[in-house]
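Labels for the chains are A, B, C, D, E and F, by order of writing; each one numbers its residues from 1.
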């Protein structure tokens, strides 16, 4: 349905895109999309406990390791591009310059859809902050007076991907995507995250259970599709359609 | 996308389907769907003030007039079928027998999607009650033990069509449908409602403004579709898709 | 501002109107309104523990005592009228006949405003049920086809008066009424409730604290009115005004 | 903390208690509680598709099979008691007599806590209806005038157990219970549900993932308890404590 | 009802006040109020697409044109005063100095009520940000220790005026203002917005439909006022009254 | 239940901890906890009207007086420690350095639970801002890469204490704490607040009424504890338990 087959995934920390949108990335690449991933930070301070428990660990070392993992994961998903903004984490801080850098990427990609974190996250304020800024940057990218002459942005959907404890975040999925055919890619990407091995099975369980939800909502025992793995997303904006 | 090109629209009173879903009905008929409308009542007591102000008006007379109007409107929309359950209004009361009658229709139609009123309506409790019962009947229609041997229902979406004062109802549209090409049908159906002429322009204004929302959400000044008339709907269940 | 200076207060049990709307009743009577109170039950089963702890207590005895208390309280508030529907409590059950009886009262009173319980009450389902039915009856009273020839109802505001544990009910007051000048009446009415003496100070504390809220919202330390006692209400419908 | 070590679990259909509260039942039994399960229906019409697909299946046959499964599951969980009200399903209908029967059970058990379904379930209106009625019955059981002389009910907490698609139900867990030590019982109970084998792994995945949530909320990588399986619950009423 | 007949309208971009509060401004001026409008930016980057599409367009040129339009509109509404803070847009940024400048205006005006944007706007983060800052400035203006000796602010109501897609913003009007008698002023002000001609009819449609809502909520077919044009507002704070 | 018997209370202004958490502080001290209070500001500009009305008042004088009051109150509550960050108020501004200072305190205290203001406060943006930052600092304190080598934080509960107008803040208490045995301490602390004498009775009334809520939720007339004074709190995170 989309004319411009490109997408942009915003990841507050460098591993978020794997757990939460890995299937969507691999699937859309397979369908001919070009998916660009922007990692605002490496999650170097807050999401790398395993590395920090090693003797003599330094910030640079953590960043290097986390970047390697993320690049390997992006490759496993066949992502078109991955960019690292290196803005720091816990807390993530995004100034005007960084916002405009993100606007530049958005305008260059001209995505059919955007992806980011849930609106609210009481455990991790970096997550909801990233989405808040993305919504601001979407608006800037639409402004005809921002870098006049550049192609302005249309009105891409923003999908909020699945946070870790969904109910605590007030996150409610309104669309399930069947990722069965790219599950192997997602699992391979997940296994690139050496530092968070305790989450591998968690997100496999989750993908299976979301597969159950896909089946139920596509017809259940009276004709539902036999999806075995799925991902859920919450849409921020209304859709515009020709047919319901 | 739908395999079974049929739809079912539930109208608490006999004119509701016109204002709120007339465009969707005409458009889907044009696309080859068969749309069945079920009117639970004629709105004979509560939505026929103009008739009641006439001398010697009787309940039967009001019902007859309202039925004629609704049938004419359904015809203007090229609706496949319109059925009248004549359950009374203000208040509408739906007993077990009426529920099973509605289940029979649902199972017979096997709709790709259902339509009904908003979840909450502080002005008109018949509206929200109709939707509550429809959700119950959708569940019954899915039960393998209800009239065993009949084809059970899958998991059709339920779209809540637009109530009169949207914000008071907590209604939030998540999909806009471009009804420009069938607007003339909808306007013709609206004009069948002789008793509620004060609403003709109201719903024309509304369709135009929803057209603006369609344009904004489909790209705005950077490529949005030039829809001139639209209708909005709120989805109750998550969608299941192959591509975002 | 109101043209028809009449009001109708619906009380699920016979003491509710005292704690929750006693000030509003007395104040509006003083301003020339005629306030009618309808008690759907006596609260005879569920809100009369003190009486039931007496030996040989019977349902009739409880009803008689509760009615006496309510009548005395209504008198202390100078209420225009108090009616008892005697529909039973715990659970309260309101059939079609009782609804139509309530519609008759509403149409006869033609109130400028209605009052009832909060939309939700997890401790006392009679309360929210009474309001749900009142909203249904407001709709019926507006129907030109219900008892044609009777004067139909306009669009009176519905105020939800204060429940016992406000935050658990999702109740949010949007208007505070200064009841300082009729506080003595309300306290006198409260003291008619011999069976619930444990609540006298509770509701006095509450009225004082709502007075503080009145002062804050009317200007605070920079000119707020010195209200000493107040009641809060939540409006269901939007207001229509000539001036903000 | 509880003085009366008894609990009551309300199950709209005869298998609900297994998936949603099996761990809590087994664990509290192990801690010396007596847990009573009330199944309002057998789920004979709506949750027994596998049986209905067999030739010559009858309603009585389904009920018998479902009852056997539920009794076996209750036994696997060491539940103190299981009762079947046989009120029918899809739709479940609970009249005044059935309510009073439930009140009798509640008063007899005098539970420290109650358990039931989520407040809202757009897929299955039997579920939310069961909870609505339970809240009504809790209120009736507290009434001194209901069967005077019986011991009235105190104010037991009501825990809403986990529905199938949590986010669609607006369900938010505020307490996680570590069920690791009784997981084998729960799995054994789950395997009694021969007719719903497609859900065995689903609920195992879920219990593991809730275990992850338990670990995170009990301290995470800085000291969280190593729970491997957990269940989540949403509390309806506030807690009363001596120490936070 | 207000003693100090002055009001302050905050507009994130220089045209917002026209579409959203033009009627309220003109009406209150007519009733003897002095209404001050503060435009935080000219909307020069984000809301001036038509100008930017012209060759050789510069930021200064856009600002000049937008200011002229806004001044003409304010004049058409007979507004007492209009001030331009020129803080930039897309994104709007308000530092401490700008906040204190706004506090100065608030204290000088001593408004009976404030007006600003909705709490949430996923399309335009400047809007909700303006309101967030206004609430902060209202608090500062109430502080006795801020510029001691100045007259501190009381507790003026804050009305949130109507955003473009109300339901997406979670905006719910609780008051409708009849602007029929100043509609010609509002339409004239609207027509000053040469750059946004595509919105003229949109906001005319809207005013007519809000007129319908006014009529319904003021009595409907049983005595509602014949308002032909209206504006809706959402109140942030509770009202304090002598009579309901 | 807590292993580390320490707690941290965050107070935007120097008196907040008294009204809202004084009972919890005194009670937990009595139970052997060490409670640390952090006051982000003295409330010197916005909550010291009485002082500012005196001739020749200066900011330093107000700070000194407010500090004395807060220290006296902390002493009356037997608080373990009280710290003043002196960050200014109306508006409170917390930069990165101040955040890290707060993280240092959190890590040093290693609290079993945190306390702060409600999520939303339309009257006082300092309040909700303090809580927002506390949630960010809780996250930073959990980061293994923040000051590596320090003991990282576990997952302490965050309790939101009672704001002034609870319903306007969307605050909902889910736990009531019986503070009867330390009420005299709380009242003594309250009386240290010489500048806000108008609130002494307000918060006494409130504690009594929360005592009523405690009694109701702990069993009511069928065995509830006779708490005479209580405080309510809203939990942000789910609890993890061994027994319901």
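Structural remarks
Just so it is clear, a contact is a pair of C-beta atoms (placed from the backbone, for glycine too) under 8 Å apart; a residue touches a chain by one contact, two chains touch by 3 or more.
Not measured: the values here are computed from a predicted model.
Under the contact definition, chain B and chain F share the contacting chains A, C, D, E. The chains touching chain A as well as chain D are B, F.
Chain centres were defined as the mean of their Cα atoms; on that basis the chain farthest from chain E turns out to be D.
The interface formed by B-E recurs in A-D: of the pairs listed in A-F, A-B or A-D, only this one shares over half of its residue-numbered contact pairs with it.
With respect to chain B, maximal separation of chain centres occurs for F (centres as means of Cα atoms).
Counting C-beta pairs in contact, the pair that comes out ahead of the other among E-F and C-E is C-E. Counting the residue numbers that touch the partner chain, chain A and chain F have less than half of them in common.
Chain C and chain F, compared by their mean Cα positions, are separated by 36 Å. One finds 52 Å separating the Cα centroids of chain A and chain C. Shared interface positions of chain F, defined as residues touching 2 or more other chains, are 49, 123, 142, 144, 168, 173, 213, 216, 221, 237-238. If the chains shown are joined wherever they touch, the resulting network has some other arrangement, not a path, ring, star or complete graph.
A complete list of chain pairs in contact reads A-B, A-D, A-E, A-F, B-C, B-D, B-E, C-D, C-E, C-F, D-F, E-F. Only residues 96, 99, 132, 135-136, 139-140, 142-146, 148, 158, 236-238 of chain E touch chain F when the two sit together in their complex. Contacts from chain F toward chain E in the complex involve residues 44-46, 48-49, 52-53, 57, 59, 62, 89-91, 93, 122-126, 168. Across the complex, chain D meets chain A through its residues 49, 123, 164-168, 171-173, 198, 201-202, 205-206, 208-209, 212-213, 216, 221. Contact residues of chain D toward chain F in the complex are 1, 7, 24, 27-28, 31, 113, 142, 144, 151-155, 157, 159, 173-178, 213-214, 216-225, 227, 230, 232-233, 235, 237-244.
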